[in-house]
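What follows is a set of notes on a single structure, which appears directly below.
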Amino acid sequence: MDVFLASPWIPAEWIRAHGLQPRGLWSAEDFQPGAWPLSAGLCAFADAAVRFAEARTDSAVVFSTACDQMRRGFDAAILEGQRRAFLFNLPATWQTPAGTQIFRSELERLGQFLLAIGGSAPSPEVLRREMSQAGGARQRLLESASATSPRGFAQAVAQFHWDGAFSPPPPAPPANQIPIALVGGPFLAPHWEWLDELEAAGARVALNATEMGERSLPPDFEFDPAAIHPFDALVRGCCDNIVDVFQRPNTRLYSWLKPRLASRNVRGIVLWHFIGCDLWRVEAPTLRETFALPVLLLEAGGEPGAAPRQLDRLQAFVETLR
Amino acid sequence: MNSPPRKLDLDQWDGRYEQLRRDGLREPAYGGPLRRHVVREKDFRLQQLRFDNSPAALRLWNFLLTENQRLHQARAEGDKIVGTMKDLGTVPVMAYALPGLRAFYPDGAWWTPCLMECGDKLLQKAEMMGIDASFCPVRAMLPAFQEGGHFPRPDLLVCSAGAICDDFSAIAQRLEHLGHPILWWETPRRRQPASGERACALPGHLAAPQVQVDCVRAELQRIARALGELAGQTLDDSFLAAGICAANQVRQRLDSLRRAVYCAPAAPLPALEMLVAEMLAIHFCSDRQETIAVLDALLAEVQSRAHRSQFIIGPDAARIFWVNPVADLRAMNLLEDLGGRLCGSDFMFSHALDLIPENLPPLDALARAALADPMVGPTEDRAARIVRECRSNRAEALVVSRIPGASHCAREGEIILQIVRREIGIPAIELEIPPVCDALSPSLGSRLRALVETAQARRPK
Amino acid sequence: MICAGIDAGSRSIKVVLFDTARAQIIASGLADQGVEQERLAAELFESLLQQAGLDRSRISSVVATGYGRNAIRFAGTTITEITCHARGVHWLAPDARSIIEIGGQDSKIISLEEGGRVRDFAMNDRCAAGTGRFLEMVAARLDMTWEKLAQLGRQSQAPALISNVCVVFAETEIIGLLADGKPLPDVVAGVQNAIATRVAALASRLASPPVYFTGGVALLPGMARALEEVLACPVRVAPRPQFTGALGAALCARAANPSPAGL
């Protein structure tokens, strides 16, 4: 059975260890966040997740508590009769034991859910193997980022989140374009055309720090199996490496961004977020102040006619950097 | 003093106040004519509102509108100020358990733009700080913090994180980035215990798994340590137990008031005063003892009116259950002007109205109370309570008021409406009410009037 | 060398011919925008050439800007309005450090470094409340021209407060104010203040004096004053505010010197 995950922070290796197939729901062909019009204030991504869950009653869908819209989207999906939906409580805090304890208990509870839908309880060896494979694939993906095009990298990461495999993205020569960082929320296949527009305008995404970019590829959770149970290593590895805007405080996001922006000589930041996403939108002034870089807001999920205006803004932004 | 119940505008209250003074009105130190708030604090909105004519209501309004002064006074006297954010009703109980601490809700600044009719330009300033109208009116607290012209800068800021609404979380995070350190504490999203999990009963007919109660208890322990360090005294179980007992005194009085008003055949107190009175329960308007006195006075007035069969809104008014607080207080007047009356409410903090268990270890009790927050759990739970109260209070219609920019309103209202219609079949609408709703009054009024007419038309002949 | 700049805006097309040797504008013109943007732009371009006594062969390069810039295929290249307005205003007013441009469908704030380079910018291109569109709506509702509207605003004694940020609801609010007997000049002044307030919210972190105001709306009496009040600093109307975009495009053409694709 397919288990669709609405967040990259829910460890796919845990699903796989139970003998089920995890898939990033955003990579599904029938996941379409562009249905218009939306109710006022509704996030198109969260709305699409709800519609996806309502339609895919043959599969399981795991929502996360990372945002209000997803939490209430889960409520809506349950109300519409989706019986194989699970809400994973991602802890917002990370500086105290509470967050880790929540994550651990949620992973155990998710395990119970997976058993109930036909999965099998994993042995430590099976879990370790899945963790090793996933960690290795993530590592190779990260290493490939600088040698491939932004679109190639986005495609490779999407493939990884879809089936766990590492498909080496095609190499691309380094281009003499203005390096920028793409920071923000879900950045899906229908949005990749913005990468092309950026390149046409003379810029290149040197850092894809969107929810489906490098941030979603934590390093391999290396551990000594003699000293620590794989489950404990998984909990610790996940908790130590979630880097996202919903965390409180979200200083970890800024600590993660800082060295990467510097090492890649990033000259500007494009802040990408779905309309209705307060968590990302609020960060624009903080990003400007913290990194002393120009920040352009680009919104997903708006009305179809907004694209030309967004393109105009993007082109003006790159001209400014030039 | 016992005049027939009426609603007065500010001009009429000037005259009423003079009469009450001549009749020997005794007021607390913060008393005085309502008009002074317009002159001194520039609370221009008061000129558009209509108020209950009782001395108890006067005391209530003066109490609400002098909170900032009270906080500054407390600071001057050496008290430590704790800004408690987002969790509505739990941390203030802990703070007030220790002498020398005052807690308040910086998010309460969301009413400032309404009261000052945007004259303070707080919303405009928030937008200049990068927080535009896509965020809820709580954004007004950002410039309030930066400018310092409203409440004093707290000595400690505490904010819940996790199962809280996004726009508030975002605004609080921005506040921290602007240099206001925050003690964040985790609130897990409440769920039903799974089979095999040990369940804990929560106030409000709710339940949660033990693991969640344990988590919140540990977090509140951390907050207790921080409060103790601030106060220079350990916040131990005996202090906490006393604090819970005192908080419950407030909650009991509020419960009595709500029953007396909402279950009466006609309304003895207007909706506006009920909204303000309920708000006191969250943080005691920075004076726990005085809150009790204010509520006692209101309850006495309500009981007196009921005894005399004198009501401010007649029995023919449509009984409306109201969900979510309004950014513009004028909306409560509008409801009654158009033939409705409040028969029940869920202003997003119904858990702060329930008694905190006194037969449990204090932190455990507080953890359960915190987890009972309607905004922390499934929307279905919140809707279930609303349905229960609609039934018991014989609601004829329901209004869900959307708060502009509030992330939870994007979907929650529709779910509540769906469940209410399914369970009790009363007419229900959703309205968006901005901080100053004057421009929308015609359309808001049409919709409210239509709801009232629909509700009244459904009555058995 | 003569360079041409074309600003294909949402409401009008502007063209400027610039003599690089003498560093001066030798012709400028404006026409209403329409569906056939390229044809309209070409017609205006031709008429300016005639007016200046020039042949097409004398034009060394053409740059198009504005939302409709990609439709002007005879332009050698296209550059966004941000860059062009910055160039144009800087040329006319080298002391400018901030530019506010309120157009028919959007508003922009541009922050300049010394030397005229764009440091940062912000655009409101989603909401009509801070744009000329709001004034158009009010003018249409009151059955008068923009210019008449702005003249009325100058007579205001006490501008009305328009609280809505949405033009649709603001229209309802305005009708309500007039029905309540609010004097028309006060309502008009309130509209101007509302636009200025929306723009100021965008400008807050970017605007530093000297602030120059450009775009068609800058020609309306009272708008600059309304901006001054909300920004709390002097706001100067740029010389020839309707043409700063087209001028900037011509200046960019001077720098780029691409060949025209042919008319």
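The letters A, B and C name the chains in turn, as written, and every chain counts its residues from 1.
In this section, contacts are C-beta pairs under 8 Å (C-beta built on N, C-alpha and C of every residue); 3 or more make two chains touch, one makes a residue touch a chain.
This structure is a prediction, so every number in the text was calculated from the model and none was measured.
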Chain pair whose interface holds the most contacting C-beta pairs: A-B
Farthest chain relative to subunit B (centres taken as mean CA coordinates): C
Subunit A and subunit C: spacing of chain centres that average the CA atoms, whole Å: 40
Centre-to-centre distance between subunit C and subunit B (centres being mean Cα positions), rounded to whole Å: 47
Where subunit A and subunit B are represented by their mean Cα positions, the distance between them in whole Å: 37
Overlap residues in subunit A, where contacts from two or more other chains coincide: 285
Touching two or more other chains - residue numbers and ranges from subunit B: 129-130
Overlap residues in subunit C, where contacts from two or more other chains coincide: 205
Complex interface listing, subunit C residues touching subunit A: 67, 79-83, 106, 118-121, 123, 125-126, 205
Subunit B partner contacts - residues on subunit A that touch it in the complex: 39-43, 65, 67-69, 71-73, 75-76, 78-79, 87, 89, 91-93, 95-99, 101-102, 105, 109, 112, 246, 248-250, 276-279, 281-282, 284-286, 289-290
Subunit C partner contacts - residues on subunit B that touch it in the complex: 117-118, 124, 127-130, 132-133, 434, 436, 438-443
Touch list for subunit B against partner subunit A, complex: 129-131, 134-135, 159, 161-167, 169-174, 176-177, 182, 184-186, 188-189, 191, 194, 211, 215, 218-219, 222, 378-380, 402, 405-412, 414-415, 418-419, 432
Touching residues (chain side subunit C, partner subunit B) in the complex: 161-165, 169-170, 172-173, 176, 197, 200-201, 204-205
